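Each of the two complexes below includes subunit A, the first together with subunit B, the second together with subunit C.
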Partner chain A sequence: MSALLQYGKIKYECSCGKWRTLPDLFFCRHCFKIKCDDCSCREIDAIFCPRCLDTSSPPEARLKKHKCTSCNDCPNCANVLSARVENEKYYLHCHHCRWSTRDAKQEDRESNKSWPTKENPVTNHLNEVTAYMKRMEVIENAPKDLKKGKGKAWSAIHLKDKFGVQQMVEKRRKAMVPEMNPLKAHDPTEAPTLEEEIENRSNVLRSLDQIIMQPLTNSNELLLPVKVPLQGRVMVRCDECERTLVKRDFGVATYKFKISSFAREFIPDIRMSRPVGELKIGETAHVFLSVTNLSSSPLELTITPQSGEGTIKCSNEPIQLNLPSSKSIDSAAGGVHAEQSDVIVFRQHNRVGLRLDVVPTESDLTSPVLDLLLNYKQDGSFSILAASEKVLKPEESGVDRILSAHLRINLS
Partner chain B sequence: MNAEYLWRSIVESVARSNLIFRKKVHIMTDSSRVSIATSTIVCVEAEIKGEVIIKEGCVVHPHVVFDATNGPIYVGENNIFEEFAVIRNNSEGQPMIIGDSNIFQVHSKCSAKYVGSRNVIGVHAHLEDGCSVSDDCSIGPKCRVFSKQNLEPSVAVYGPSNSHRVTSTPNLTPTLQLEFLRKILPSYHHLYNKKKVTAAAQ
Partner chain C sequence: MTSREVRVRCEALGPRRHTAVFAHDFNKFFFSFLYSLKIKRDKLSSNTQAVLESLKAARRSSSGVSTSSILSVSSTALSQAISSIDNGKSAVIVEVGSKLTKVGCAGELNPRLIIRTEYTDDNGKLVTADEILALNNRKTASKSIEYYEDLLHKFLKMIFLRVLAPTDRPVIVVESMFMSEDLRKAMTKVIVERIRCKSLMFMPSHVCATFPFNTQNALVVDIGYSECVAVPIIEGVTMLNEFESARSICGRQLERRVRELMEKYGQVEELGGERRALEEADWEDINNIRLIETLSVSLICLDRERSEKWKEWEAAEGEKPSIEVLCEENLVPVGGKSIVVPSVVFETSVEIFFDESLNPDSFDMSLPKILHRLVSKCSIDLRKKLFPNVLLAGGVSTIPGLMKRLEQEIQYIDEKNETKFAEVVKFYQFSEIKNSPLFVSWVGASLLGSLRETIERRSLTLDEWRTGKLAADWTDMIVKAR
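After this line comes the complex of A and B, so read on.
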């Protein structure tokens, strides 16, 4: 979609200084700043299976090893495995390459859930080692923990040992230091020789995709169904005020938003309405743009072409526009100023077509970039702030702020 | 040498069975070159040219093309031809033989000289001129069987590089689907047989 609308050629400057296309940006209504992927916080909102849309809580997902128990992919061609019933028993079958669990020498099962997967062969050993490390941690921290509880008065009693406190302390220390059974070091297994490896290898050559899907399976073992990995749905927050920018509606099956402040809904959307002709040094070329107001309030807009280093020179004066909101389409558009009538090509509801004249120089031809600065004011767009701001800053509330956006258009 | 002999025997046996079949079937349409069994459902939008014989229980959806201008096409029982499937005999006079219980899915193309039984030809799959497919094969979506290639029984062709593998699971015969189509298609489509029959009666 963005390729069709040529969004890729027009980049807006984010508040962090990066250049992004408009659909990639968010707008914080409280900080009045444009936010991009890199300067916003993300948190996982829900974890779900992309196939069966079954949600699971984070601890549940960890228990499942972030894989769905009921959905499986074909280990051979990575397509969906579907269940077939024969004699009231299930087996999985790929419609694409006709791989089935019978090929993996798996018996048909009574339930379609939790098909076996290849487990790590040293899981038990790993668990032992981690348990050992935890005990070591306790031993290391035991003196520190004791010290924490130690006060001045306590030390005096400790010296006298009037009430048998010393014994208690000793007891406690003993209890805190667990028994230590040093683990055996893991015996290094001998590396297989080349002959052995060739001998054990099956004739089946596996593709890289197959190996990546099941990294634990050796080449002489049969492939097992691959469980579908769970996915996380993300919620976006502003990194400064930590207010939510994007939040999806409850339930994974919906596509609606509870909170959405995408930049498109707040910043005038500028697009190229016609492809730019060939650029020649010293000759005036026309750039046709369309400016759309997708916000819910009317817009006062000034477009100022910037001329700096590395950007193409634009001979137009700053253009002033009034754009009605996308909702009040019927309202009469602001009159076209006589001196700007050669700039404005068309007016259509909440959209205005502009023609800008650019004069390229020799240095521009390799990467012609048109630099524009937008200053705009939206009537009452931020009235939701009024309630809290009226109390805090009475002089600022009710006044529409003048906002600005900076964008670059790639003319090549 | 052996394959040549086998092929000839197949052709002869099919020709013999067709002879018997033609005697049995009483509907002979299109100057007695297209013969369709009574229980077969062919939609009127299907395009049938040349000598085509379709036996009992088949379902032919609209916009299927049977082009037998270069050589005859013999179709067995209980096959399903879905929309925009193209069955074209490109050989010079050689017959094309299609067995029983095959499914030719949407937009598939077949100009093979022989297709066995219980095969699934996927969406946009292409059986090129003069190839042959034996029984229980499945050709994946957009896959090709190249000309003069002979598929062994129970081979699946899949993936972007037309990989082959031998399978152990059988293709299920589409009995339920056939029953459903036989019931539902006549209530929403004009049928080839009936139109021709009524035209002949007038």
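After this line comes the complex of A and C, so read on.
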């Protein structure tokens, strides 16, 4: 699609200095800046299974270890496993490589959920080690807390032991001090012989992908269905003001947005309306562009061709345009009529066709780039300040703020 | 970083000896495996005097529990209980290897996801681990640091957002001991500043590898995809002066050797059953299904006697003598034909770890020689402790039979040199999980990650990063010493 619309050839400059296509960009209505992937923050707002689109809350996902309980992938080829019923019992089958749970010597099951997976066989040992490390931590941290509390007035009450406090403290101490119970190291053992290690090894080679999908399964064991890992749905925030740029509607299957602030709706969309002819040194070539206003505000627009190092020379003067908003496309467009202008090719609702003349030099031929600067004024609908903010800081309401966008068109 | 550079870097490691001496003093101290870290952290703030102070304080604390510390013990327990109510924010553990990346949450016993270190960018181009981690080697990193930072950013963002939501969680990155400073800084910047994780901590992978075994003494041998690093840990202290590394003992060289042997002995079986040598087009198929990689994870490592026989077999001109094989030849079907992988590929590829002459481009010694040299460099009282405590980590060391062969080779060298280090050779291993070396460092970091307060204290936050602080690193010691 992007090839058809030639989006890849036209890159806008993001506020962080990177060049991106317009659909890749966001616009922060608060900072009035263009934002891209790299200068925005991402956050997960929903966790879901990519197969069954079932959402889970974060604690739920944690319990499930970020794996879907009902969906399984093929351990052989990582395609979707589908359930089949035979004699009112389920088994799983891969349409791609014809692997099935019967190959894994799994009996058919009454329920299609929670197929077995290999559990970590050393869980107990590792839990013991964790508990031991936690005890160590408490003891290690104790002197640090002691240091903190040094400012307190020291009382001799426990020396006198008038009220039997000392005893209480002793008791408490015995109760509270975590027992050390030093845990013995896991004993190193003799190297197993080669014969032991390759006993019952299957003759079918296992690829790296198969191994890393279930690393706990040894080479002499059969592969089991792989539970599908859950995915996060992402929302986008501005990295400066931390306001939300894109947030999707409730529900994972929806394609609607609750908040969306894509750059297309705030920056004039410029595209090439016809392919550029062959460029020859010193000869004028025509570049046909269409400028579309997809925003909710009429725009007063100035397009200034930039000429500088590495860019092609454009002989046009700065072009002034009035573009109606995408809502009021029925009203007649103002400004110079297409017939009376050399530059304007057509006018059509909120879109204007332009013809720019470029004169390539020798250095341009390898990578001809046309550099344009857009300056435009909007009617204030871009800004989303709260009502109180508009009253308190009228200068920030952004009504008259001139926006600019810088773009480069690859003419080759 | 080339091994020579590393060596230069480590020659500056004079003060490390002292660390080892301290260790003997403090080996009674229970938490000494975290100690090497602690020293690092402290040296950040000031000079060696401060380090000494902190060591003294630590010793005092171990000597006995005074009355007021009882109360504080109880208060810690309480605060822990409170914080564990909201235990949703456990740390995220990431180990970015040169082939595989392991990701998961602290406290869990196996990584949630193991993926290849690569991603597809916006233009559909595959960005490989070599590019993502290019900053590790200045010589090959031809582009600007910002460029590589962007690659790292995209990769880490992808794995974080796909798997977990780390923005409000601490992150622990398991690093290789010799990760370059540029890469470290780039990672810190990306994780703390651009992805805005709560805090960041680096853990050296070889220290992590000892945690699951709860051991203080180990000879950690990490054989990864790009290099092999062996380093002894004694009483929880990394003996950096005695480390050894080799670039020729790694997964990449193994794949190269498999390819070499396939070129020599591999065949194609057509549908009719007739066999012919491999051609250009077949190699395309082989690369498409990543057969070389699959083969290199299906290898076995023979014992000494058998490998001698294979050497005779290879040396034989014309008629090959018959030989007993453990892995039959394997037919891999590809597009209407089968690639014949002969036994010699499965059984002799691993020989590059034991025979230097198979690595003509490198001056590295073989794996057993490296380990033997490492042990003989250690001080005399430690030598006998190391070979009974070998810990293999890294994906390549899962090859069946490697341990047995290593034992044989080491004992052979030991006898030849008339040293007595290797009378007993034993390995730390979870025999139930054959693939455990693949993620043992990750598991260690995960166990450590379940210690909330420790993590909090040792991590770097965004505010600290903005004031110019860097994540704690063992090389800080050397920098300070200069």
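Criterion: the second predicted complex is superposed on the first by the 342 of 412 C-alpha atoms of A that agree within 3 Å, B and C clash if a C-alpha of one lies under 4 Å from a C-alpha of the other, contacts with A are read in each partner's own complex, and residues count from 1 in each chain.
Please note the rule applied: a contact is a pair of C-beta atoms (placed from the backbone, for glycine too) under 8 Å apart; a residue touches a chain by one contact, two chains touch by 3 or more.
Quick caveat, the model's predicted, so the values are computed rather than measured.
J.: Quick one: is A:L222 in contact with subunit B, with subunit C, with both, or with neither? Answer first, second, both or neither.
T.: Neither partner.
J.: Going by the contact rule set out at the top, does A:K184 touch subunit B (first), subunit C (second), both, or neither?
T.: second
J.: For A:C77 in the superposed arrangement: first (subunit B), second (subunit C), both or neither?
T.: A:C77 contacts subunit B only, not subunit C.
J.: Compare subunit B and subunit C by how many residues of subunit A each one touches, and report the one with more.
T.: Here the partner covering more residues of subunit A is C.
J.: Tell me the contact category for A:D103 with respect to subunit B and subunit C: first, second, both or neither.
T.: In the superposition, A:D103 touches subunit B alone.
J.: Could you list which residues of subunit A make contact with subunit B in one structure and with subunit C in the other?
T.: none
J.: Show me the residue ranges of subunit A that touch subunit C in the complex, using the header's touch definition.
T.: 24, 38, 41-44, 58-59, 62, 65-67, 120-123, 126-127, 129-130, 132-134, 136-143, 145-147, 149, 158, 169, 172-173, 176-178, 180, 182-186, 188-195, 197-198, 201, 203, 205-208, 211-213, 215-219, 229, 231-232, 234
J.: Name, in rising order, each residue of subunit C that touches subunit A in their complex.
T.: 30-31, 34, 57-58, 60-61, 65-70, 72-77, 80, 88, 100, 105, 107-116, 122, 150, 153, 157, 161-165, 167, 194-196, 211-216, 290, 293-295, 297-298, 300-303, 326-328, 330, 332, 388-390, 400-401, 403-407, 425-435, 438-439, 443, 447-448, 450-451, 453-454
J.: Can you check the complex and tell me which residues of subunit A touch subunit B?
T.: Subunit A reaches subunit B through residues 76-77, 84, 91, 93, 96-100, 102-103.
J.: Taking the complex as given, what residues does subunit B use to touch subunit A?
T.: Listed in rising order, the residues are 138, 140-141, 156, 158-159, 163, 165, 167-169, 171-172.
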